[in-house]
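You will see chain A twice below: alongside chain B first, and alongside chain C after that.
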Partner chain A sequence: MKYKSQAVAKPYFIAAIGLFLAQVIFGIVLGIQYVVGDFLFPEIPFNVARMVHTNTLIVWLLMGFMGAAYYLIPEESERDLYAPWLAHLTFWVFLVAAALTVIGYLAVPYARLAEMTGNDILPTMGREFLEQPTITKVGIVIVALAFLFNIGMTVLKGRKTVVSLVMLIGLIGLAVFFLFSFYNPTNLVLDKFYWWWVVHLWVEGVWELIMGAMLAFVLIKTTGVDREVVEKWLYIIIAMALITGIIGTGHHYYWIGAPEYWQWWGSIFSALEPLPFFMMTVFAFNMVNQRRRNHPNKAAVLWALGTAVLAFLGAGVWGFLHTLAPVNYYTHGSQITAAHGHLAFYGAYVLINITMISYAMPLLNGREANSMRSQVLEMWAFWLMSVSMVFITLFLTAAGILQIFLQRYTETPLPFMVVQEKVALFYWLRVISGLVFLGGLGTYIASFFVAAHDAKHPQAIDAGKVQPSPAAV
Partner chain B sequence: MAQVFTKSMARNIFYGGSVFFILLFLALTLDTSFALPERDQRHQLDLSTEVGQRIAKGKALWENNNCIGCHTLLGEGAYFAPELGNIYTRFGNNKEAIKAFIQSRPAMGIPGRRSMPQFNFSDEELDAIAEFLKYSSEINTAGWPPNIQG
Partner chain C sequence: MSATLTAAPPVRYPPGDLAIWIFILAELAVFAIFFASYAFARMGDVAMFNEYQATLDKGVALINTLTLITSSYFVVRALAAIREDQRKTSVRWLLAALAMGALFLVVKSAEYVHHFGEGVRLSSNTFYMFYLSLTFFHFLHVVLGMVILAAVALKTHQGAYSASEHTGMETGGVYWHMVDLVWLILFPLVYVMR
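After this line comes the complex of A and B, so read on.
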């Protein structure tokens, strides 16, 4: 940590991991409800657990992005953050707003929450991923504006690098496209059409810029490769991301009432969407192979390489699998969609955040890297979470293929609920994988405590077996 | 070889490409907005008619009860409960059948099975929801879903 104000990133990272844990626990509740339909019913119906699962995901990823920005922008700009106090303040505003929203989901029926928060005045609730009360959405906008002001002023007054510029463009895009969440006409087609301007243009648009910038930053720091090389890669990756991803929005417009020509635009451009992710993989492995230093934080490098590979698999390959219109005609809104969603979010956005946290947290705690013992735990966490998520994806894909065949493809299509029972075996296997994932996350959380313990008692480490990092000595 | 492709070329591709495709996307969006009146049943949404008022109320109820948290509508939403974009046709073009189904859900669920919550809607509210689902089923969705099961 080169600048004191980078320390504001720490509470963001801690809250992010806390919310991640909540997300996974509710994910397991959902997995059980898939096979034991009345589990926690009527206290926590499926839709409530799902809101908690997806909303905590979104909030913790945003927390991670903000923490990452507060960490890397001062370092790139070579100056302290413009207003550290503001970053602290917005952290608490954001955390309290998120906590109140989740408590609202769990404590009262959703319709009551809509009534309490005056949803009829400006109705924005009850749409997938945008379930937050309107007042929470307003809060998110205020937090985002304060955050962008803080980051923007820091960039303006300091050294301007490609990494900080790309990060800033991505974050501005994130805030701008969120504004479409306030547009909710009665016309269902228009509602859906512009809903994707938040959802798709986030995850297959501007978030890729944020992800690219974060990955580039960590690779510059851990490999010591010349910045010029990294920046050229970064530009070309994000160029491909936007060139394919913007028109690629069309792959959501096939069956929601928009004209048929979107089937062509959407298929062709989104078929190219794996390209930026493939380039990210090549980029990450190239940089690590050409490294000019061996950074003591080996876990961070593993997370970075894992991000590149699993983002390509989840977002790229599993996205391509069902993006062509003739295929999507059968897969649209099936378990294939769920399979892709899980591996794409994990591979791209969960892992890039953990990569950043893994790199930055030791530095925020005053050491270049954690003890080897702690890093080994982190590596275990990486493999447990990644392998179990790949299995979750494979089981959901199997369930999806069967579902599509039985419900949509055969001569005698069966009703939805009948099909659900026929594919239940795969849902059971998915729950088991989910429990392994939770174990992986527990291991990851444990690694922080081991790191803190080893830093406090360096003499307790047996130098013959486990070595503290050079920086810790 | 590495110098043939410079950083400033990469930067120009990023800015040029992004701006070009944003403009193309906006042009396609404009064209879509001209095409939509023929496809999206907007004539039903006129708030000066009773049907229009019912659809608006039905959509508000759909949202305020987070129906999308279990169901899909035109294939979007959660995948825990059946697709409802074509429920009107699946229930034999019968709004009363939709109302009866929603009304008859047991408050305490069904042991071991998935069950829709009992929302205790009034008759007027049920009318609105059924009207909204009928309207949804009449949107031109390019032939999706593949069959009546959704």
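After this line comes the complex of A and C, so read on.
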């Protein structure tokens, strides 16, 4: 940690991981509800659990991005954060708002929550991923504005680098596209059309810029490769991400009532969406192979490489699997979508956040890297979570293929619920993978405590102790 | 900037920044898929594609083809000039290339105005959908190419390039040639081939 104000990132990272844990627990509840329909009913109905699962995901990823920005921007700008107190304040506002929203989801029926929060004044609720009460949405906008002001001023007053500019553009885009969550036309086609401007243009647009910037930052720091090289890669990657991703929105417009040309546009442009992710993989491995130093934080490098590979597989390959209109005609809204959603979010955005946290947390705690014992735990966590997520993806893909065949493709199509019974085996296997994933996350959380313990008792660590590299930049 | 009597430095291969070649590869991949989709869609209804293709003005498109080829030639001249340290000449050739790019945009826009006036829309039929999307996607690339050429011209004017160091101009030139090349495939494919 070079600047004192970078420390504001820490609570963001901790809260992010806490919400991540909640997300995974609710994910497991959902997984069980797929096969034991009345599990935890009526306390936690499926729709509520799903809302909590997806909303905590989004909130913790945003927490992570904000923490990452508060860590990365001062270091890139070579100055302290413009207003650290504001970052602290917005952290608590954001956390309390998130907590109240989740409590609202769990404590009262959704319709009642809508009534209580004045949804009738400005109706924005009731849409997937954007279920938050309108006042929560307003809160998010206020937090986002304060956040952008804070890091924007830091960038303006300090050194401007490609990494910080890409990060800033990504975050501004994130805030701008969120505004479409307030646009809620009664026409269902229009509603869906602009709903994707939040959902798609986030994950397949501006978030890719944020991800690219975060990955570039960690790779610069851990490999010592020339900034100039990294920046060129970053330019190409974000250009391709935007060229393919923006019009690639069309792959959501095939069957919602939008004009037919979207079937061509969506297919053609999104067919190339794997390209920027593939470039990211080549980029990450290239940088690590050309490294000029061996950073003692081996775990962070592993997370970074894992991000590149699993983002390509999850977002790129599993996305391509069902992105062409003639294929999507059959696969739309099936378990194939769920498979893609899981590996894409994990590979791209969960892992990039953990990469950043893994790199920054030791530094925020005053050491370049954690003890080897702690790092080994982290690597176990990486493999447990990644392998189990790959299995979740494979099981859901198998369930999806079977589902599509039985329900939509065969000469004698079966009803939805009959098919769900028939694919139940895969759902059970998915739950088991989910439990392994939870174990992986537990291992990851444990690594922080081991790191703290080892830092307090350095004599307790044997020969495997990590020496700070003298070539440290 | 001193002129030297030694031979010009050997031209590196590929010329320009390697990054632009990776970008060009990616861009060509997008166009390739677009062209392949066009061919695929055409296979499904050759008669309809031929019928509406006949409504396009090949003469105007030929003018635009020559315009782009000429502008590419001007970029070549600009590069040749900077390799001999003739900065002012180089800038003039770049401006000429930009003028040809602008001419292309004007001609193409006139074509669009004509077709829109006729009621042609993206939803009219699959041929027009491809005609409009493909040419407009290319149109945007001409605009981007011109922005790049303008930046190169500005830097040349400011003296950023010389006989010994002009990678930036090569990079911009290579991109401009790609824009030209794509049109050389687009023109016969969409306007001429039956």
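Note that in this section the second predicted complex is superposed on the first by the 463 of 473 C-alpha atoms of A that agree within 3 Å, B and C clash if a C-alpha of one lies under 4 Å from a C-alpha of the other, contacts with A are read in each partner's own complex, and residues count from 1 in each chain.
As a convention for this text, contacts are C-beta pairs under 8 Å (C-beta built on N, C-alpha and C of every residue); 3 or more make two chains touch, one makes a residue touch a chain.
Bear in mind the structure is a predicted one, so any value in this text is a computation, not a measurement.
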Chain A: partner with more touched residues, chain B or chain C: B
Chain B versus chain C as contact partner of A:E260, first or second or both or neither: both
Partner chain(s) touched by A:A271 [first = chain B, second = chain C, both, neither]: second
Which of chain B and chain C A:A239 touches, first, second, both or neither: both
Partner chain(s) touched by A:A83 [first = chain B, second = chain C, both, neither]: neither
Which superposed partner A:L429 touches (first chain B, second chain C, both, neither): neither
Which of chain B and chain C A:Q407 touches, first, second, both or neither: first
Chain B and chain C contact sites that coincide on chain A, given as residue numbers: 232-233, 235-236, 239, 243, 259-260, 265
Chain C residues touching chain A - in the complex, by the definition given at the top: 17, 19, 22-23, 26-27, 29-30, 33-34, 37, 41, 122-123, 126, 129-130, 133
Contact set on chain A toward chain C in their complex: 232-233, 235-236, 239-240, 243-244, 259-261, 264-265, 267-269, 271-272, 275, 279
Residue numbers on chain B that touch chain A, as the complex places them: 5-7, 10-11, 13-14, 17-18, 21-22, 24-25, 28-29, 31-32, 35-36, 39-40, 42, 45, 55-56, 59-60, 62-70, 72-83, 107-115, 117-119, 135-136, 139-150
Of all residues in chain A, those that touch chain B in their complex: 33-34, 36-38, 41-42, 45-48, 50-51, 110-111, 114-115, 119-120, 123, 125-128, 131, 162, 184, 186-190, 192-193, 228, 231-233, 235-236, 238-239, 242-243, 246-247, 249-250, 253-260, 262-263, 265, 329-330, 332-335, 337-338, 407-409, 413-417, 420
